[in-house]
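The chains carry the letters A, B, C, D and E, assigned in the order they are written, with residues numbered from 1 in each.
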Amino acid sequence: MNDVIRAEDIGLTFQTADGPVHALKDVNLTVAQGDFVSFIGPSGCGKTTFLRAIAALETPTAGRLSVNGMTPDAARRARAYGYVFQAPGLYPWRTIAGNVSLPLEIMGFGRAERRQRVAHVLDLVDLAGFGGKYPWQLSGGMQQRASIARALAFDADILLMDEPFGALDEIVRDRLNEALLELWAKTGKTIAFVTHSIPEAVYLSTRIVVMSPRPGRITRIIDSPLPRNRPLDIRETAAFIALAHEVREGLREGHGHD
Amino acid sequence: MNDVIRAEDIGLTFQTADGPVHALKDVNLTVAQGDFVSFIGPSGCGKTTFLRAIAALETPTAGRLSVNGMTPDAARRARAYGYVFQAPGLYPWRTIAGNVSLPLEIMGFGRAERRQRVAHVLDLVDLAGFGGKYPWQLSGGMQQRASIARALAFDADILLMDEPFGALDEIVRDRLNEALLELWAKTGKTIAFVTHSIPEAVYLSTRIVVMSPRPGRITRIIDSPLPRNRPLDIRETAAFIALAHEVREGLREGHGHD
Amino acid sequence: MTGALAGTLPILAVWAGGWALNAWLARFDTRLTRILVAAIFGITVIVLWEMIVRIYRVPTVILPAPGQIAASFAANTAILWTDFVQTIVKGALTGWLIGAAAAILTAIAIDRSPFLQRGLLPIGNFVAALPIVGIAPILVMWFGFDWQSKAAVVVVMVFFPILVNMVAGLAATDAMQRDLMATWAAPYGASLWKLRLPAAMPFLFNGLKITTTLALIGAIVAEFFGSPTHGMGFRISTAVGRLDLPLVWAEILVAAIAGTLFYGLVALIEKKVTFWHPSQRA
Amino acid sequence: QDKDDLTLQLKWVTQAQFAGYYVAQEKGFYDEEGLNVTIRPGGPDIAPTQVLAGGGADVIVEWMPAALAAREKGLPLVNIAQPFKSSGMMLTCLKESGISDPQTDFSGKTLGVWFSGNEYPFLSWMSTLGLSTEGGPDGVTVLKQGFNVDPLLQKQAACISTMTYNEYWQVIDAGLTPDDLVTFKYSDQGVATLEDGLYTLQSTLEDEDRVDALARFVRASMKGWKYAEEHPEEAAEIVLENDETGAQTIEHQTRMASEVAKLTAGSDGTLDEADYQQTVKTLLSGGSDPVISREPEGAFTHIITDRALN
Amino acid sequence: MTEALARGPFVRALRRGAGGRTLPVLTVLLAIGIVWYVAAIGMNAQWVRDQAARSDTELSIPAFIGQTLTLDRPVLPAPHQVAAGLWDGLAGQKITSKRSLVYHGWMTLSATLAGFAMGSLAGMVLAIGIVHSRAMDQSVMPWAVASQTVPILAIAPMVIVVFASAGVTGLLPKAIIAAWLSFFPVLVGMVKGLRTPDAMQLDLMRSWSASARQVFWRLRLPSSMPYLFASLKVGVAAALVGTIVGELPAGASSGLGARLLSGSYYGQTVQIWAALFTAAALAALLVATISLIERLTLTRMGLAR
C-alpha cells in the first residue's frame, strides 16, 4: 500500500482564552505516493493547521493521522518532510547559502556534499550567485525562493508548501510553477501545497482539496483530469477553465459572510 | 485644464552605501481628473517609489512633477491625498474607529462630523460593528480594509493605493474590487492603484501603466476600451481577455532575467 | 551682583557659540561631523567648567578646575595605574568575566527546563532590581579585603541582569524558526548552537553592555568597606580626607575613560557578532 | 530676640564620643548663650575639613593630624578649643597572632587602619618604628579598615585600630575576652596626637561677631562636657535620643560616655601647648614622608577659650 | 480513585501552579532557603568552633548546629533570624520610632521617589530633544553614556558635601544621586521608544500633513509607551540604589542605607540583612507599582493582550 498520508476523522481544537477554536473537524483524506495535492479555501479555514498537523507541529485532538504508516512524529524524526512556511523564515545571521545548508548540517551531510547540493538548489530557484548575500539584502520574492531551496536541499519524500509563491509577481510565479512541476515529475515526491490562487491550484495539482471555515472542513476533493505533463498554456484550454470554475464554485459555497 | 498628475521626464535615484540605485528613469505620464490608473510591473520596478513621489514622500532627482498644478509638497500640505500603503499600518493603540478617525482629528474635523464619517466609511468596507475592536483582534484582510476606510474618510481628491488587496483571498478581493469601482463612480476621485494581478488591473482601470525594472521605466500605457460600468462577469468577455493578454505581453517584455 | 552678571555673560556666550557650531555641523551628518559634534560638546562643557570655577572662585576642595585635574593626572600616573590595575583589571574585569560566564551557563542550563525558567525568572528579575551594593560589606567580610571581594561584588551585581537577558534571548526565537528545526528533527544541541545561541546574542549583549558600568561601580564602591592601600575607591576616599580633590577627580577621570572604553569595546564586539540584527543595520 | 546660628560638623556618627555637644543642646546651654546650634553627624567618608572649607559648617570636630595636614594643603584651619585632653587611639591585636612588642613583632603582619584623614597617627608611629607600610617582610601590610571590627574577628588582620571607648568594646561584645587581646595605646607608645578638637577657619576669627559667638559656643559646649562627665548615663540617653539610625544601644553608649569622660577629664577646653608640641613633633618625625613638613604657625589660638572662660 | 484524585481541585491547582508561576517560584525559593541554611551553618562554624576552643568545651553536633544558627553576630544569619529581625523592625516598633524599618524605609522611599521623578523627567525631556534635534542627538548621546561611567556612587559622600556647601541638605542631595542614576535608562528607553514608529506610520502622518506636535502626541508618544515603562522599571530600581548609596557612607542619619551602615559598623549582621530585605521589598513594591500603572495604561491604550 502506498498511501503516504492518511487522515481519518481528524479534528483539531485550540484552547484559547476566549474558549475553544475549532480549526479542523472531520477531515478525511488519503494522499498517495507521488500525489500533488493543493489546499484552497478562505483565510482562516485551517489549511496551515492541517499542514502543521501532518508535519507533527500540531497534534490533532480527534481522529487518526498517519504518515508513511507511522505517526507524524515518527515520520518527522525520520526526516520525511521538507516544509516551506508562509513566510521565508530565513535565519538572519546566516548567508543565503548558509541558510540552505543548515538542514544539511543538522542531518550530518559532509562538507563537499553540502556545497554541491546548495549550489544545485540555488540554481534551481534562480539564485545562483546570491549564496553569499544575507537575507535582508534580498527582495521578499528572492527570500521566499531561498526558503524553497532550503526545503528542497535534503530530498525529503514529502514536501509541505504553505503559500510559497504568495509574495511573488505573476511572471516569476509562472516560472517557479513550471520549475516545481518539473522537479515533481523528476523526483516523484509527494507534495502538499496551500494556495489562495485558483489558477495556480488547478495548474499544479493532481487533486484539489477545497476547504471551508468555522470549523475547518473539506467541502470538495476534486481529482484533476489534466495530464501530468502540463505546459503553461494548458491554462487556456477548456478543461482547465472548467476545472477552475468548479473550484471557484466550491469556494463560493463555503464562503458565508466575509 | 484638468490634468491632476503630470510627470515629465521623472528620474529618481537613491544614494545607498553600495552606490546609486536608479529606481525611476524618464517617466512621463499625465493623469486626468477622474482617471483610474493601475501600475503593474515586476517586484522592485519602482511602482511604490512613483506613488511615493506623487505623494511628496520622495523627491524626484530629475524632471518635473506637478499635482493639481502645484508641487507635490504643496498638494500634500493642501491634504490632497489619501494613501493606502502596501501593509495596513494601523496604530495598535487605537481602535479601528480611532484609527479611521485619526486623520480627521489631525485635519481638525469636529467631533460629530468625525463620528458620522467614520461610521460611513466603515460601513463602506463592510466593517460596521468592528469600530470598537483593536487591530490585532481582526484578521489581516479586515485590517487592510480598515486602512482603506482610513484613506477614504477625509475625502481626498486623489487616492493612492499600493497593492491594497494583496493580502486578501480571491472572493473577498472580488467583493472589494466591486465596491471600489462603485465608490469611484460615485465620487469621481482620481485613483492611482498598484497591483501584481493582471485581472485586477484590467478589471479596475481606465488606463494601465506597465513598468519594467532596472531602472524603473514605463514600457506601455494601455488605455482600456472597457465601459466605465463593469459587472464582475465582464472578466469573461473577449475584450477583457484580449486586454489581459496585452498586459501580460507588456509585462513579459519588461521581464529580462529574474 | 553686577560682577556675577558680568561673569555669566561670557559663560552664556561660550555655551551659545558651541551650540550654534554644533547645530550647524549636525546638518552634514557624516562620520567626521558626528565625532566633531560630540567632541565640541565635550570641550564646551570643559571650558564652561573651567570658566565657572574661575569666575565664581569655587574653592578647589569643592570643585577643582579641569586644568588642575589634568595636572594632577599627569603628576600621578604611577598611582593611577596601580589603582586602575587593582580595581578595574583585577576587581571589575575578573568579576565581570566570571559573572557573565556564570550567568550565560546558568541561562543555558535552565533553558531546557521551563519549570526552572518560570521559577527562576521572576526571582532573577526581582534580584536584578535589588540594591545589590548593599551586600558589599557582607562580601568584604566573606572574601577578605583584597580584590577577590571586589570581584565577588561585581559577580553578584552583573549575574542577574545578564541571566535575565540571556534567558529572554534564548526564548526569543520566533515560532517559525523553531518549527523549521522541528521539521528537520534537529537534536537539542543543534538547535541550541544553530538557532538559540545566535538568536540570543542581541539580548545577551544588551545585558553585557548594561553591566559594564555596573561592574566599575561595584568594584569601586566595595573598596569603601575595606581594601588594601591601593585601588580607586581607596584612593578616592583617602584623597578626599586629605583634601587632594584634583587627585580624586583624576581617579574619576580614569574611571570614566575606562568605563567608556569598556562599554565601547563591548558595543564593538556586539556590532561584529550581531551584524545581522536590524538595530545594527540602520 | 535674634540668636546666632552655628553649625557644628561632627567627625563621626552620633554617639557618646560627642556627648558634650548633645548634652549642651538638650540641656539648653546653647540656648542660654543665645546660640542656635545645628549638629551634623559625620560618617566614614565625610571629611569635616572639606565640609568646613565648603562652607557647610562653622565649626568642626577634627583630629589635629588631619587639621594640620589640611593646613599645609593651604586650608587655614585654626584650633579654637581642645575638649579632649588625652588620646583614645590604640591598636588592638589578637594574642594568638604572637604580637607582644611593637618594636619587634609587627613586621610581616597585617594591620587594620582607618583612612580618610585618620591614618596620620598610625603612619607617624610606623615611621618612628622604622617599618615600611608597603608590606614585605620588613614592613607591615596595611588594610583599609572598614566600618567595623570584623577584620579582627575574621582574622583578616592581626591588629586593628580601635578607640578605647568604642571599637575595643565591640570586640569584647563580640565574644572575645581581654585575655585574648593585646592592646597598644598610642599615648603609651609616645606617639599620641590630639583628638577631637574644635576647628574653624582663620577668616572666621577676623569677624568680631563670630568670635563672640564662638566663645559662647565653646563655653556652653564645655559646660555640656562637664555635665556629661558627671552624668554618663543621662548623657548616653541624650545621645540615644539624637541618634536617628536607631542602631545604638544604651549599654554601649553608657560605657562609651564613661570612657570618653576619662579623656575629657582635665581639660577646660584650653589647648595645652605641650600637648600641641608633642603632636607636632610626632607628625614631623615621619621619616622620609612626614605628615607635615614644617612647623605650623598660627594653627591654634587661645582667643576663644580665653574669652569663654572669663 | 486515582481518576477522581487526578480531577480533584488540589491536583488541578497543582497543575495550574506548574503551568503558572507559583509552584516553580516556591520550589526555587525553597531551594534557596535550604542552600542558605547550609551556608549559614558552614560560614558560622569557624566562630562557634573558636569559641568552643576558647572556653574548652566539647559540642555535640546538634548543639553545634544549633549554635551556628543562633549567633548574636553571625557571619551569615539564618533565614529565621533575618525574619525575626524584619518582623521586629517592621511590626515590633512604632512606625515613627527610629528603630522602625518602616520609618527608615519611608525616608529612603521619599528620596527615591523625588530622585526618580527628577531623573525620569530629565530623561524624557532629553529624549524628546534628541529625537527632534540632530545636534542634540549627536552631542548629548555619547556623553550620556560617559556620564554613567563616572563612579557617582563612589563620590556620593563628596557630592553630598558639595551640595551641603551650597546649602542643599536633607533629602535633596540623595535624590540628586538617585536622579543621576535613573535618568540614563529612561533616556535610552525613551529615545528608542520615540523612534519605534516605522517609516510607514510616519509617512502616513506626512501624507496627512500633520504638524510635528501632532506626530509627537498621536504617534511617537503612544508608540513609545511599552519602552518607556520597561525603562521606568529599570530607572526606579536604579534610583533606589542611588538613594541607598547616597545614605550609606555619607553620614545620613536615617534611611535604609544608614541602617545598613550602622548595622555594619556595629557588626549587627541581622540588622544589615533586615535592612537589605526591606530595601528588596521596596524595590519590588516600586517595580510592581510601575507594572500596575503600565498594565492600566497599556490596557487603556489597547496594547495589552
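Keep this in mind: contacts are C-beta pairs under 8 Å (C-beta built on N, C-alpha and C of every residue); 3 or more make two chains touch, one makes a residue touch a chain.
Computed from a predicted model, the values in this text were never measured in an experiment.
Chains touching both chain A and chain D: C. Under the contact definition stated at the top, no chain borders both chain A and chain C.
C-beta contact counts were set side by side for D-E and B-E; D-E has more. Chain A and chain E have Cα centroids separated by 51 Å. Centre-to-centre separation of chain B and chain C, using mean CA positions: 50 Å.
Chain C and chain E, compared by their mean Cα positions, are separated by 18 Å. Among all residues of chain D, those that touch two or more other chains are 44-45, 47, 50, 54, 146-147, 150, 154. In chain E, the residues that touch at least two other chains are 75, 157-158, 161-162, 165, 249, 264. This structure has the following touching chain pairs: A-B, A-C, B-E, C-D, C-E, D-E.
Contacts from chain D toward chain C in the complex involve residues 44-45, 47, 49-50, 53-54, 66, 69-70, 73, 75, 115-119, 133-134, 141-147, 150-151, 154, 156.
The residues of chain C lying in touch with chain A in their complex are 174, 176-177, 179-187, 190, 194-195, 198, 201, 274-278, 281.
Interface residues of chain A facing chain B in the complex, by the touch rule stated above, are 42-44, 126, 139-141, 168-172, 196-198, 248, 251-252, 255, 258. Across the complex, chain E meets chain B through its residues 198, 200-201, 203-210, 214, 218-219, 222-223, 225, 301-303, 305. Across the complex, chain C is touched by residues 52, 55-57, 76-79, 81-83, 85, 87, 89, 91-93, 102-103, 105-107, 134, 136, 154, 160 of chain A.
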